[in-house]
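In the two assemblies presented below, subunit A is common to both, partnered first by subunit B and then by subunit C.
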Partner chain A sequence: MNSKSRYAWAYLMIAPTLIGTLVFWSWPAVYSIYLGFLKSENFGLVSHWVGLANYERLFKDAEFWQNLRNTMFYVVLFVPATIVLSTLFAVLLNAKIRGRSIYRVIYFLPQVTMAAAAAMVWVIIFAQDYGLLNSVLGTHIAWISDKRFAMYALVMVGVWGSIGFNMLLILAGLQGIPRPLYEAAEIDGAAGFRKFRSITLPLLTPTLFFTSIVLVIGATQIFDSIYLIIGKTNVALPAVRSLVYAYYQNSFIYYDQNYGAAIVNILLLINLILTGIQFLLQKKWVVYD
Partner chain B sequence: MNIRKKWGMAAAGALLASSLALAGCDQSNDGGKAADSEPAGSNQKSVTISYAIWDKNQQPAMEAIAKAFTGQHPNIEVKIDAIPWGEYWTKMSAAAPAGTLPDVFWMHGGQFIKYASGQFLAPITDKVQAGEIDLNNYASNLGSIYTMDGQNYGIPKDFDTIGLAYNKELFDQAGIAYPNDTWDYAKLAEVAGQLSQPDKGIYGFGAKMDTQAGYWNDMLANGGHILNADMTKSGYDEPASIEALKARYQMILDKASPTHQQMTDTDSVEMFKSGKLAMIFDGSWDNGNLASSDIIKGKYDWAPLPKGKAGRGNIINGLGNVMSAKGKHKEESWQFLKFLGSKEAAEITAQMGAAIPAFQGTQDAWVKSKPDLNLQVFIDQAADATPYPSGSKSYPVWFAKEGEIMSQAWGGAISIEEGAKKVAEMMNQAIADAK
Partner chain C sequence: MSSAVSAKHRSNLIIHLILIAGAVVMVLPFLWMVLTSLKTTTEATQIPIAILPAEPSLRGYMDALKQSPFLHYYANTLMAAFMKTTFPVIFSAMAAFAFARIRFPGRGLCFFLIISVMMIPNPVFYTPQYLMMSKLGLVNTVTALWITSLVSPFATFLLRQFFLGISKELEEAAVLDGCNPFQIFIHIMLPLVKSALVAVVIIQLLWSWNELQWPLIINSSPEKLTLSAGLATLVSMFGTDYPVLMAGAFMAVIPMLVLFFIFQRRFIEGVAFSASKG
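Take a look at the complex of A and B:
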């Protein structure tokens, strides 16, 4: 077989995935950039080129800056909390304890629970009058309709829903750490937390790095929990509205796809920058052997 | 990892991010596909057409109509798809440019102009001119709602007005006389206060943040407006409108009504259905929903809305049936559309108590569909009701934003007056933008 036909075969094999990715992922992203420069009418069937007008409007829109702040606030709370708790649970569940598969299943369950069903349960938990959270804490907080607390409620739901999967990733990372390292450390007299700090944590950094990249990108796109738990008539909505929620509102409720596209294009740019920064910073803390 | 790979991954990650955000639009409907497996009886192909509606409570009646239709046209099956109101127009706005609108679907006056001017609806003007259907058959000039630039696009389905629903048991317990046509808004507020027992979770009135079945009626009754007569200016910032909005909100402050938050958690209609609210405003379309509650069945009735200083305010709206311009089975769809506009379909609608049919002379059957209820109030109030303020290109935009601003006012984040003025400003902007 000559090399040309070998390449042809290789491309044929990856064609289903490649075409799917191009059509459903890459093309919409490119098209969305194009849409940001247009003003469309009639459900997008008629469009004029307006240059940067949508972005000018966006930068003058106080609501956009508030949404950006909300989104970033969520990222700052959600990502560290998820990484710390996922690592904690992964380390605990990596130990030889009775029934650890059962615990693993329990912690993974949120991952396979339908978001809408989980949201309904959370709404009941957060209820001001007879909610579980308030009766446990002995408080009377309107968790999801008081603008001071709504974001924390969303972070709780987000972390709860993300621990399972990230724990699994970190668990895989933990199991990739060679046993002899621990044995050597034990001979040198290291125990407990010292082993965790000097062996586990450094060797886990590649996994943690990957987790944080994916978590940041995911967190900037928070939408479902706002839509399902907060809801559009909630007085706290302006305090938690994310960029993607604003995108949804503009594109599908106000029928302004162009303004919506401008919002997600800015989000794309932010994600490029955030991911770029993380790649630059990895030299400082990620250990590759 | 070399640097190219890293940036490649970063870029891919970010692309993934934005395309995830874009993946939200789905297409639900390609019901236009023919089930062309076996010719039914004659050499006519058997065909399935899709019919989209938004009210689940009316689904049984719509199914009965579809069944009657298939009885007359054995080769045409109708597949009914009930999409909740909250998602209906989002789905339709994605389906319209994609050419996948349902063959026949419910149309709302507020949305009609957008769909008709985009040429997404099949005009039926030639059928009307050929006398296949007579738009004079429908009450209150409803046939004119679905007309644009001299072209006809829709056939009136029903009309609706608003009434005051009350829980007789709660009135009896408090020894207060039932609401009647002498009531004014002061009386409503007074009785609502007397009936409230907040410690038991029972309230006199659901002073909900709502438009058509809410404060629009109050604003009109108080001499205010939603829009001015030629629909070029918002009426929300008129003093009479603001006064009416404040009066409604005052009932929450007086604990005569549940709070906005309570009514966000549990809709006031649901509270009424569970016997926790003595009175609500509700539309005639919702009677089936109220009647479905075992808790208040036989214990509630209807009265006209209270009077304000400018008389009785009431919003009348009429739904229509329309067909897609891009449907694959236009002839069959037309047959169904025509049947939906027939007296027979109107009688099914009326007898099953689904909605007040638009067809002249069939309304009595609707009133009699629930003989123990005073449904006549809805028909009586239609006479001097105000048409739903739709029919402009800007309506879908300002209507969507209205709720967001008013929920800030109803939730206490801004004052009612500030909210009303913000809505007016937003509406005027939307009207200017749509020109």
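Take a look at the complex of A and C:
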């Protein structure tokens, strides 16, 4: 077969994905950046170039900074909690115990559950008067409408929904650690936590690093649980509103697409920086065996 | 020796206790969903809380089905999930094969253009996609639910990793037999990456079944919503009629739960597998 016809086949086979990606994903991304420099009137019928005006407004907007802080606060609570609990359960499941596959299935359940359905049941569990959580704890906390607690409620739901998947990733990482290392350590008299600290943890860093970065990127985009659990009329909304929620609110409730685009473009910048850090650190910091 | 055995026994017991505690927390919301869906409205909001329904009733299910466009949600979700699974899997497999196994001018650039969108958070795409749908007159249609997702850069990236790992010999024999690249792809390569294809099908299916934000943005008529977006509106329709809400939630998750229980190994391995390659 000559190379011309091989090329033709190659172009034909990549064409749907390439064209689809360029039209429906790459172009919109470029257009979103462009939208951030415009101001439209009459529901988008007329637009004119305003330069950095949307961003100037954004940086002067106390609500934007609050939303950014909320997003970061969520990341800071959610990611370490998920990593610690996922690692704990992965280490326990890595022990030679019975029923491992049953535990794996149960822990994975939240992963196949629609966020909307899960959110609805959590709302009922969090209810102040007749909620399961307050009954079990013997408290009377307004988990989702008290601004001191709403964020923790969201973190709880987030962690519940993420452990199964991340535990599996960490478990795969654990299973990649050679057994003889542990046996050698046992001969040297190391046990329990000591083994975990000096063998498991260092050799698990690549996995933990990869898992954390993916979690951070995902967590900066939190929207579903705020929309579903907190809701737009909740007094606690300002205390948990994320960048993506603010984007949604400005673009599709207030119909200010340009201001919304400016918000989401800041999120894009944050994510690109995170991806860059991931790329650089992956080369330098991680201990590959 | 016996003390070593009993120490081992004890530590296993502790491990099980912690794992069971975790498992209870994982399952509890499902259990609560089902129990609440079978209660009466008063039972669902009584103090102190009633754990079991005194007389389990299906009233919640009947009301959810009769008083909301639930069957529309179902049909729309099925349609969107079907389109967003079938096409991306076919297109991605083709593209991934070409990127991995054929050398052609512009290969690096085309691949970069495709995978570069993976770094971009989804909400960045939504407003321009909305404006595009609006130009095409597709806002508030079932088509809009899936038309922007007929391709998947992630699946392309993932499957390419698998195609890269296949040895060259099989392919060379086929070339000698006069097969063109497409025949090699269909007859030789596809069967070899079957498990990766299954993983991609599962990921696409789960993701499109559960997706919330895009359906919420693009469609607003109740009969054009998906289950995810529809459930969010049930709250405003039924307020604190918790049995109805929970019946709706349970009916929405049941298809994926059933698939998960049938193909649990495939699900778990597929998802973990793809993440480790991704």
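As a working rule, the second predicted complex is superposed on the first by the 243 of 289 C-alpha atoms of A that agree within 3 Å, B and C clash if a C-alpha of one lies under 4 Å from a C-alpha of the other, contacts with A are read in each partner's own complex, and residues count from 1 in each chain.
Note that a residue touches a chain if its C-beta (ideal position, glycine included) is under 8 Å from a C-beta of that chain, and two chains touch if they have at least 3 such contacts.
All values reported here derive from a predicted model rather than from experimental measurement.
When the two structures are aligned on the shared chain, A:Tyr247 is found in touch with subunit B and with subunit C.
In the superposition on chain A, A:Gln221 makes contact with both subunit B and subunit C.
Applying the stated contact rule after C-alpha superposition, one finds that A:Pro178 touches neither subunit B nor subunit C. Look at A:Pro80: by the touch rule set out above, it reaches neither subunit B nor subunit C. The partner of subunit A that touches more of its residues, comparing subunit B with subunit C, is C. Of the two partner chains, subunit B is the only one that A:Gln128 touches; subunit C does not reach it.
Contact with subunit B, but none with subunit C, is seen for A:Ala142 once the two complexes are overlaid on the shared chain.
Of the two partner chains, subunit C is the only one touched by A:Ala95; subunit B is not. In the superposed model, A:Met13 makes contact with subunit C only, not with subunit B.
After overlaying the two complexes on the shared chain, residue contacts for A:Gly51 are found with neither subunit B nor subunit C. With the contact threshold set out at the top, residues 24-26, 28-29, 32, 44, 123, 127, 214, 217, 220-221, 223, 231, 244, 247-248, 252, 264-265, 267-268, 271-272, 275 of subunit A are in contact with subunit B in one structure and with subunit C in the other. Interface of subunit C with subunit A (complex): residues 12, 15-16, 18-19, 22-23, 25-30, 32-33, 36, 44-49, 91-92, 94-95, 97-99, 102, 104-105, 107, 110, 113-114, 116-117, 119-132, 147-153, 156, 175, 178, 180-182, 185, 206, 209-210, 212-213, 216-217, 227-229, 231-232, 234-235, 242, 245-246, 248-250, 252-253, 256-257, 259-261, 264, 267-268, 271-272, 275-276.
By the touch criterion stated above, subunit A contacts subunit C in their complex at residues 1, 5-7, 9-14, 16-18, 20-22, 24-29, 31-32, 35, 44, 85, 88-89, 92-93, 95, 97, 99, 103-118, 120-125, 127, 129-132, 135, 160, 163-165, 168-169, 171-172, 214, 217, 220-221, 223-224, 227-228, 231, 244, 247-248, 251-252, 257, 260-261, 264-265, 267-268, 271-272, 275.
Contacts from subunit A toward subunit B in the complex involve residues 24-26, 28-29, 32, 42-45, 123, 127-128, 142, 145, 147, 213-214, 217, 220-221, 223, 231-238, 244, 247-248, 252-255, 264-265, 267-268, 271-272, 275-276, 279.
Those residues of subunit B that touch subunit A in the complex are listed here as 6-7, 10-11, 13-25, 90, 93-94, 96-97, 114, 117-118, 120, 209, 260-261, 264-265, 396-397, 400-401, 403-404, 407-408, 410-413.
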